[in-house]
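What follows is a pair of complexes built around subunit A, which joins subunit B in one and subunit C in the other.
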Partner chain A sequence: MKTGFRVFLGAFIALGLSWCGFVLGPVLQLGTQGQTNVLNSSEIYPNQRPGNATLGLQVYRAYGCAACHTTQVGQDGVLCDVVLTSAGANPTAVNNLISSLKLTGLSKDEADAVSGRISAAGGKTETHIIPVGADISRHWGLRHSVAEDFLWDNPVQLGTIRVGPDLANEGLRHDESWELAHLYNPRSNVQNSIMPSYKSLFITGNTPSEDAKNLVAYLLSLRADVSLHDAPFTTAAAPAAAPQNAASQK
Partner chain B sequence: MSDDLKTSLQTDAGQKGPTAPTWIFVLTLLGLFGAGFYFDRHSGWFDSQVYAPYQSSDELEAYQPKSGAAALFAEGKKQYGMICAACHGDDGLGKPGQAPPLAGSEWVNAASFKRVEEIPQLGLTGSVHVSGQDWNLSMAPMGVALSDSDLAAVLTYIRGSWGNKASPVSDTDIKAMRAAVAGHAPIGGESGLNAIKE
Partner chain C sequence: MNVIEKKYSAIDASCRVPLLVLFGVAAIWLIIGLALEIIASLVFHNPDWLANCPFLTYGRVLPAANDAILYGFVMPAALGVMLWIFARLSESELLLPLVPIVAGNIWAVGVLVGVVAILIGDSTGFTWLEFPRGGSVLIFAAFLLIAVSAMATFGARRERELQPSHWFLLASLFWFPWIYSTANLFLVAWPVRGVAQAVIDWWFSNNLLFVWLGLVGLGVAFYLLPKIAGRPLQSRYFALFAFWTFMLFAPWCGIPQGAPVPSWLPSASTVASFLTLIPLIGFAIVFGNTIRGVNVQCKGGPYCYAKFAMVVFFLSALMYIATGCPHCSGVVGMTWYMPAQTYLQIFGFVSIAICGAAYESLPGIMDFELPFRGFVRAQHWLFMFGLLLLVVPLAVCGISEGLKMQNPNIPFSEISHGTLNYLRVSSLGLFLLLLGALLFAINIFAMTAIWQTKLAKAFAATLLPYPETGEVKS
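On to the complex of A and B.
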């Protein structure tokens, strides 16, 4: 009998500890997470997904999309760019100073030092915060994913394997007709795509079923494009010349 | 239990078992020490806001955008909360009998800020039509004690919050306005506001 009690106690402690680690700890850490303010704005993030997108999450789950697609973006670090906003009373001195300094790709401390030197010369600067990392350079996201991004999802479908691209910001990249065409025949708009065709989501010919429409609504609702307290970055202001630059890069 | 096992248990109980070598303890302690360092550096102290690559909430705080337009906006939010929010509300919706709404107000959202910027500097007395309603109240010159940049920040915040999407106000604008209206009486209601050249 003594042994039986010991076995029970041992099993209880072992299971209890893993319960604390896998359930209690995360709940204590993230369980109270709620909507937050977008940085420097009174907008609230995240908003509830539209109803059809919430249904689409269940389609995403049922078709096992998470087996080949992740919806989480990582980030290795942050670099700072110092941008001159006003040259001040002595533009020549500021311009001379700036031409001798490195202004992009700085660490936070370097950026502070550089903007300190420029403001001592009379100029005014802004520090732009640029997330960097493999996922960011693949254009899969503007910043790393945080818990708020998944606040309304049940279940959260992070995914672990990237057979296909990450979808955390799919809504920023494509539109509805692209998504439907891709589901119907992936090769129609992505050359050499190894994704299977999901023609079963379409009724006759290429008429999408409700499931297909909901799934696409969910994919288009995936857009983590705002700066948050726990994932700060400088939102690129859209100057008039930007679209031309983007076009010439393509 | 067989007699053999009994005797062997009895003899075992009376003897000292083999002791673990000292180096195991030293290595374990070193391992725990290293783990402590790693934990200190990478856990973010279980803060729900801290994700890699940030290591602590202090480091995260240092990366919050604090210069230029963003800083002006953040400062404006702070000043608004201390001064304006008592009557106009944190949500900018105003309070019946106390203050008209700022969110969606046609005066706040006007393309030119020449009229709205004088209200906190001079005060406003008399009837004003805001968002489809007449407000006959009196506002003291609440912004007169603020610095040029703080007043500019408050106005920028008001003109860019709660769905308002009007242009920002800079401290040089405020400086020019203050020089122009020095010594003026409080603005007399809607007619007084309309008399200000946009």
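On to the complex of A and C.
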């Protein structure tokens, strides 16, 4: 090569391709994303966070909470449970059939086959979708996080490292007094916590400042508890959220 | 002094002040950055330390430290080295030398604005892009100014044929303004909506930490190795092939597996990660063939630095590529393994390559030997042991943490508490790196002081009515 022009041209093409893929592509695909319907419901998701929670997001940003906490939950996949809703005209035959079948922990195809056989015998069934994965078993979420969960946030801080627990569903796990006590002295309610204390967020004694209240409002607004087309799950059969005021964070 | 040495001494002298400014800025920010890094790691020794000081909370100090090191140290030092390499390869004096001097000072102010902004809570909240507008505009402007001087010097070259080192460094000059402006425009100035922000931030981080640092480090190493070994890169064509494929594939890495984004994005990154093995093999062949059979006494000097940097580059790149595999990423994706890789890339690969080039260039540039020559080898050892104590514990910690996370019956608080011992060892690694950085800074500032004293003496001599020596020149 005798001129720098070819190097620039090559770099332009190489970087331009990845720019189109990873900048332009997502902006076109996700930048125009709107609200979506909650599955089997007329509700719209997501709603704008309340005003103090929106302010709290800025406290979350300013204190760099994302240096230790993620707000994204993953899942390995889903399993299906087939549930009998009505035994129909011939309950004995249906019950005999059911006792010979495996009804839980099925793949989608297996679940379809099972419910097909039960309905052929006259019973009616429902298929429940159960997300599985380590994060789900830890009660960090009812389903995996999807793009919609972050629609109104600016900046979007998914976090890159879990020095502390994931917060994607913090609002489902704890209440305001727990959060404030935790910020003031993390080791008061989680014995082994390695989180630094945020006493500077409190005015005198343990009176929370506006920032602390907003931050807690934001944390409590973190709840991805509705079933969506991208991430379906069955509410009734899904594992219940961890009890409030749990003594230790799982 | 023979003709060739004379030619290079004029070229080196033209780089003197710009490089002193850029290296000086870099040395100061390296020390501040490492000090902040150590303050951040104190939280793992006692979480209630600094609880009443919001400026020094972990979530602020850590990004401030990382940015101070990357933007404050790596980039100005790399640009300084780049100017010197361009002047040397062009066999021309550095053109527009005043521009990088001004730009170096603007740069230092930009980093100061950014770091202070993070500490007072004005961070943008995007990883590696935390500097708010005030800081990033100054850095961007300073980069362009330095690039102008570098391009002018490049254009004035005598030998028209480009050297391999040219390719990498020219590409890096083009790369940074594009990624930095894109990220700032789309994330800070006119933020896009939703998780597209996160995708752009990952794209930016990957292009900065993997591609840009890769281009710079390789460009510097591929200049130093042939220069010291006394023979050209073996072979040029392998290097060219690896260069193009690296630029083509590497910018597509970096989207984490399992992220809440459309699944084609992480899948594209997985494919790109595996394809990036092709240029890595190319670089390995070039490196192996170039140093094989060369009889150079390295004595802990710049040649050692360049070789060590190349070896670390392969390690760090392999660690990075492994995270593109969904299976590995599921284990180590959100653990201390990721920072371990980043530290390896920054301190083990790029910093070592740049410091090696600085030590190679300084005696010629200043026209006198390093005042503390032993420090060169000492810094190398300190960095090697520092990296060992920093990266190995974090990587092991990340893997063990990731494996435990797979088992939901182990409570999270137990897992996170279990990482503490590893993190405490890594503080020691940071401390050794800080000692090494001090040695680097001492050499830079001692040289500046000696040079200033010489200048002052020469100036004083012109003020005296008669020459001090009493000898009257005819």
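One rule holds in what follows: the second predicted complex is superposed on the first by the 230 of 250 C-alpha atoms of A that agree within 3 Å, B and C clash if a C-alpha of one lies under 4 Å from a C-alpha of the other, contacts with A are read in each partner's own complex, and residues count from 1 in each chain.
As a convention for this text, a residue touches a chain if its C-beta (ideal position, glycine included) is under 8 Å from a C-beta of that chain, and two chains touch if they have at least 3 such contacts.
All values reported here derive from a predicted model rather than from experimental measurement.
By the touch criterion defined above, A:Lys108 reaches subunit B but does not reach subunit C. In the superposition on chain A, A:Asn40 makes contact with subunit B only, while subunit C stays out of contact range.
By the touch criterion defined above, A:Phe22 lies against subunit C but remains apart from subunit B after alignment on the C-alpha atoms of chain A.
When the two complexes are overlaid on their common chain A, residue A:Thr234 makes contact with subunit B while staying clear of subunit C. Once the two complexes are overlaid on the shared chain, A:Thr85 sits against subunit B while remaining clear of subunit C. In the superposed pair of complexes, A:Ala147 makes contact with subunit B and with subunit C alike.
In the superposition on chain A, A:Gly77 makes contact with subunit B only, not with subunit C. Once chain A of one complex is fitted onto chain A of the other, the partner contacts of A:Leu30 extend to both subunit B and subunit C. Annotation for subunit A, partner touching more residues between subunit B and subunit C: C. By the touch criterion defined above, A:Thr207 lies against neither subunit B nor subunit C after alignment on the C-alpha atoms of chain A. On subunit A, the surface patch touched by subunit B in one complex and by subunit C in the other comprises residues 25, 29-30, 32-33, 144, 146-147. The touching residues of subunit A, when paired with subunit B in their complex, are 25, 28-30, 32-33, 39-42, 75-78, 83, 85, 108, 115, 124-129, 144, 146-147, 227, 229-232, 234.
Of all the residues in subunit A, the ones that touch subunit C in their complex are 1-4, 7-8, 10-12, 14-15, 17-19, 21-23, 25-27, 29-33, 61-68, 70, 72, 74, 134, 137-138, 144-151, 153-165, 186-187, 190-201, 248-250. Residues of subunit C that touch subunit A in their complex: 43-44, 47-54, 57-60, 62-63, 118, 121-127, 151, 154, 160-162, 166-167, 170-171, 174-175, 178-179, 182, 186-187, 191-200, 202-203, 207, 244, 247-248, 251-252, 255-256, 258-262, 265, 268, 330, 334-336, 338-339, 405-408, 411-414, 416-417, 419-420.
Touching subunit A in their complex are the following residues of subunit B: 46, 48-53, 60, 62-70, 73-74, 92, 160-162.
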